[in-house]
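In what follows, a structure is listed as structure tokens, so that the remarks can point back to it.
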């Protein structure tokens, strides 16, 4: 065995270290870059305090996010709904309210909110089944959104157009609502509670 | 075998009875279905083997010369087979991606286009041609997207779709029941084709509920199912008094008579 | 494919099917790892790669 | 450690493995899959609150519920048309034209969204404001009026008795032109037959009450009256798997009606009337007829006017003779007649032909005679007279007061009876005698495509220097217009509809704007009224309404509050007005020999010239028979034979009737035996007939008549009568902006030849001699 | 340009110019496939002539056919490493490469065949374990990994690559445990060949395809395995023969080929006995229960009974009888002919099971529709063949595929 060959063989073992360096560096890059590059931040039209509103109403979330007679859920209230309390001049003195009243309420224009929990078209979610029939609290899935003082940053997946809340804030896709709202989360709760799990239960 | 025993355990088995002697082939059911379920129109719809019609009305004739010729119509939705042991429909068992399943509670065969990978194995497996592949992106020229029904998600190209017995209507009925505390009654959940049929040829309801009309009608000896002998054990019953129509509903050997052979 | 996926059921079908699948993957992975480990050993021991002769 | 190639390779491998150990790959895989689930070219309809609004589809007479969804961001839109189970006659259920109505409402490219004015230089329509467009039209009208040329303005409407029709008629009369024409329909023929024999112009068939129905050549299940309402009767005869009613169909093709009927009498083309007379004769010879009314009717027995109906039947329409004429076996005629007589609630039905043609008056009279002999006049399950609903007139009667003759010759000795029609108007105008048309106002319809012998009407419109079209659609007629004024479909405008053909109860349907799909679109009535206001003077005085809504309010004043009525959308009488018919005939009783017809002929020519007048009207029978129900062989048949086939229409609810544009969904549900691959029209032929012509399934042929020709693929259908060729209707739009319906198949109306029906003078286009040759 | 230092030790290859010209031809075909794939992926499968009646088209036929013919890899591997038939080591490399080509080609093709390629992984992630297709997907993917592992040492044995000690060691150690991979591969192949048959045999609502069976496996499951292992060795041998003819060099001894022929002969005979029994049972027992007769299904037109005679006779019994005879196997030409017939039989069988069950209407009132592939479909199919030619040509040129080559071409 020549020295040359010996040196080569020894060196081979040593520079596997470089492999490790490459591995660590790039997996870190992957962990950081995946959310940073994939998600765009989208501004809400103006700030909104759920907390302030909750203090004003008597029936909690349902005061504004109500059911229709046919059992369907209204979701984001219409500007008309806001009109039930807001008059054409601001009640408080925040600039947000001023914007709302002037730009939306008085013009009768709907507010194009970015909806954190918006599910895709193929999902059928029945608020009646969950909130009425099963008696779940809104918090169960929406967390303390109803007590928040301001709207947090809305992140939108550049590729899919989904809210970051769907995949979840953990880039590894872990966690439970409100931190994550994928199908598995629905299924976990359904199975834990013995709710049937055929496709059409939640899909349309 | 009694009607209810044909199917596996489970609260409901939604099904239909279609009276062929009442069907006039007007196409009202097909169009109502398309409008309800956001089935679009391609610019060339004469290519029938690539055209999507969840509720397809087949015209058949008795093959006799003038003036003994007669035509009849077989309206064909998805027949929501159950197959053997409770869920073995021709299509559900073959889907590799679980994009279709058999709901043990309602007996409805689902199809989830967003899960579908477009392998078309189920299309080949279904002898009724009830499953349709989206060969094209459906065009929605300006304005025509406005009548789309939000209760049904429009499909993209490259996936399979089919009749769902208007399952979203069941969902809506249940929503109402949840809020009102009642139950979903027979008339609360009716498919779009059933409602649309001007001659009332289609009856829809729960085959397991003896109070539902469909369960009563389906008991009639004049009722039969398409390709019953293959053992698809489906839930759409047809009815006719005409022997030649009945003979067209299944394959028979020369000396066999409809109604006298068992499912294999 | 994994027990965390919605379609997973703890039934015979999954047990047999996925069991065999993971077994196969395990064998392939194990084999590769074994070969890799032996390679590293040979490298560190400074053997001549061609002394095994032709296969 | 050297940074050489091998080191770099190891680093790179580490990097690749490291990147794969991060969530990047699975995340991108998942997201790209989700991306395919949300392609932005796949629409995602907005959810919202659902509500339903009632209305009536005037094209089908179906009472419908329209589903309106109110989205938070995008506002209201209509998403579905369903049947209205509360509507007393249609009772829920829809036909394709109803269920796909939204496609005509919402198809942007096909809709007229703003007034359009033709740019003479470019030959293209340019968008204009209402002011501009109305000024232009009103200016032109005022100019012609001033020049004494008011009568050279022609108006082509759709239905005379609707609000839109009445407004148009009043407008034209007040403006000073006699030339207003409307679509012809079988209702005109039935009214004439009733007028001739019982004195009732509003006869209907109590299908729902009947349990034995013989339908003579009319597509009872494919386009008769309100198709949904007819199906409700049909369904009642087949309720719960039991056959409680019998349907007998007389026609030369194994149509849907013929197949679903309990019995099909396959007759030779155009001989349905003879079959009816044959059945009459069996009733009489078997003594099974009603003696109290029919037996006592004027002209039943021989009398001073000559031979009576009884003798006529015995002489010319014995079962043997009728079997000879029609090809229906004697025994069949006898059994059917006996069954018809035996059933307590039996009715014979006549109606529009398969091509939508108004039917033949003599056939209708024969059917009326059969009902009379059956003794079902005014009885449940029989022939009934509808009671008027009490609509108020829009003002004092206005009629044309000038001295100019009508271009269609209506009311002259040439055409004493009859209703107006576009074809006669067009023919008259094209002949230029006695004058030409300077301005044509097409209101609501599409006569260039839909009128009988559409080619003639198209040529006529081409010859008119100034055409104004009031229409929702960019179709054949509006493409020829100098000014196009947008009006709404029934879903977005005020208007009304009347009892569908043959209805046993009086119906009134009202439609209101349910949605504002396009900002500038108005109700048709609004447009006419706005034009009237612009013109001022007598025209404005005759039409003193602020808009269509106000006019409707006046019209329905007797029916209750408009808002309530509009919400309900219909007024329908509960049940038919049973009891005998009015018999407001000159003799005060049923007349087999029609004194009304007799008197009219006498008035025009004096007793002596009557024969000549009748000859001119196409009646070949002599003596008293000429004014009694009798059989005249269709003129078209005389020219058939010698290698020529007889062209007839196939009607279907998958194709629209009349002016209604076919929708994309309707095109989609057409089978390969209507529209073949590559959008080719399909014609049906009996295999034997095709064989004789050396034609095979799928052959491309040219079907040529004196009126026009079209290419089609041959489909062999054993149920088609030999010697005939059957063509679907409602296809072949050639100038529409509708990408789904443009050049789909050929237009039956371009090939079918319209001839004047004996006695009624109405154009009829059910049978046409054609040459079929390989293309 | 001289690439001779990359050639295997002690052999010569054709001039670079000729090789490049050959590659250009193959790349041309690949370009056609590339264009077709682009159209199919970006415009959708409307570019094909498939439709709702022919849900599967020529692609699936080619897929099934090449997977069957690629079965030479696993069965030769099984014989070589597990059953220790050492003489087969002289052909095992070729078998592995052909297997690799067939499987990777099939998977590439399937990627285009599905309507939503970006969701292809759903079949794994959201697997429905009751579907035969799931089994196929899992097995062929896993087996492809095995084939890659089997192919890697051969690549590493390239004269230049082998100079790197890490890689040389790695190749050596992989070789040492090849029996493990071969056994795993055998297991996987066995199942997916079977599942491919099962895919059609389980279609109980398609009388033409449906077969009775045991437990969850219809008879086609076993028949497909047998027909694959009967034709696979023939196909491998044919490719070797073809390479010999093209290169003008002897690559293996005739004895090796004869052994392959013998394996084919016995397996094919065994297969045919079962296949004929199955066909008879199906025609006389299974079909009448469904109200259908054998004659109904071969009612004429393009799908007449001649297909049966071709598949089982000319492409079945004839090659079986030929290959069974030593005299035939001894003749280079006759053996090649018999092997060609044998491979045709496998392809034909796959065609008959893929296209014909879909072509024959089951509803009595359904119409018979025709299907001819579009140029895009032919393009992809041709592309897979071009891909195979390229890979095999490169492997032959640069890798020591045939251990006997140096010996046999001395002097």
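Per-chain numbering from 1; labels A, B, C, D and E assigned in written order.
By definition in this document, a contact is a pair of C-beta atoms (placed from the backbone, for glycine too) under 8 Å apart; a residue touches a chain by one contact, two chains touch by 3 or more.
Keep in mind it's a predicted model, so treat the numbers as computed, not measured.
Asks: Strictly by the touch rule at the top, which chains does subunit A share as contacts with subunit E?
Replies: B, C, D
Asks: What chain is most central when centres are computed from CA atoms?
Replies: Central by C-alpha mean position: chain B.
Asks: Specify the chain most distant from subunit A by Cα centroid.
Replies: D
Asks: Where are there more C-beta contacts: A-D or B-D?
Replies: B-D
Asks: What chain lies farthest away from subunit C once each centre is taken as the mean of the Cα atoms?
Replies: The chain farthest from subunit C, judged by C-alpha centres, is D.
Asks: Please work out the Cα centroid separation of subunit B and subunit C, and write it as a whole number of Å.
Replies: Subunit B and subunit C have C-alpha centres separated by 48 Å.
Asks: Could you put a whole-Å number on the gap between the CA centroids of subunit B and subunit E?
Replies: So the centre of subunit B lies 39 Å away from the centre of subunit E.
Asks: Could you tell me the distance, in whole angstrom, between the mean C-alpha positions of subunit C and subunit E?
Replies: Chain centroid spacing, subunit C to subunit E, equals 25 Å.
Asks: Give me the residues of subunit B that touch two or more other chains.
Replies: 47, 98, 114-115, 137, 151, 153-154, 156, 158
Asks: Can you pull out the residues of subunit C that are in contact with at least two other chains?
Replies: Subunit C, residues with two or more chain partners: 5-7, 43, 47.
Asks: Two-or-more-chain contact residues of subunit D, please, as numbers and ranges.
Replies: Subunit D, residues with two or more chain partners: 6, 32, 35-37, 44-45, 47.
Asks: Which residues, counting only subunit E, touch subunit D once they are in their complex?
Replies: Against subunit D, subunit E makes touches at 116, 118-119, 121-122, 164.
Asks: In their complex, what parts of subunit B are in touch with subunit A?
Replies: Those residues of subunit B that touch subunit A are 98, 100-106, 108, 110, 112-115, 151-154, 164, 167-168, 171-172, 174-180.
Asks: What residues of subunit A sit close enough to touch subunit B in their complex?
Replies: Residues 67, 69-72, 120-122, 124, 126, 128-129, 132-133, 196, 198-201, 203-204 of subunit A touch subunit B in their complex.
Asks: Within the complex, which stretch of subunit D touches subunit A?
Replies: Contacts found on subunit D: 1-2, 6-8, 10-19, 21-24, 27-28, 30-32, 34-35, 37-38, 40, 44-45, 47, 49-50, 72-73.
Asks: Any idea which subunit B residues touch subunit E in the complex?
Replies: 47, 49-50, 58, 60, 74, 81, 83, 90, 93-99, 115-121, 123-129, 131-137, 156-160, 226-227, 229-232, 247-253, 256, 261, 264
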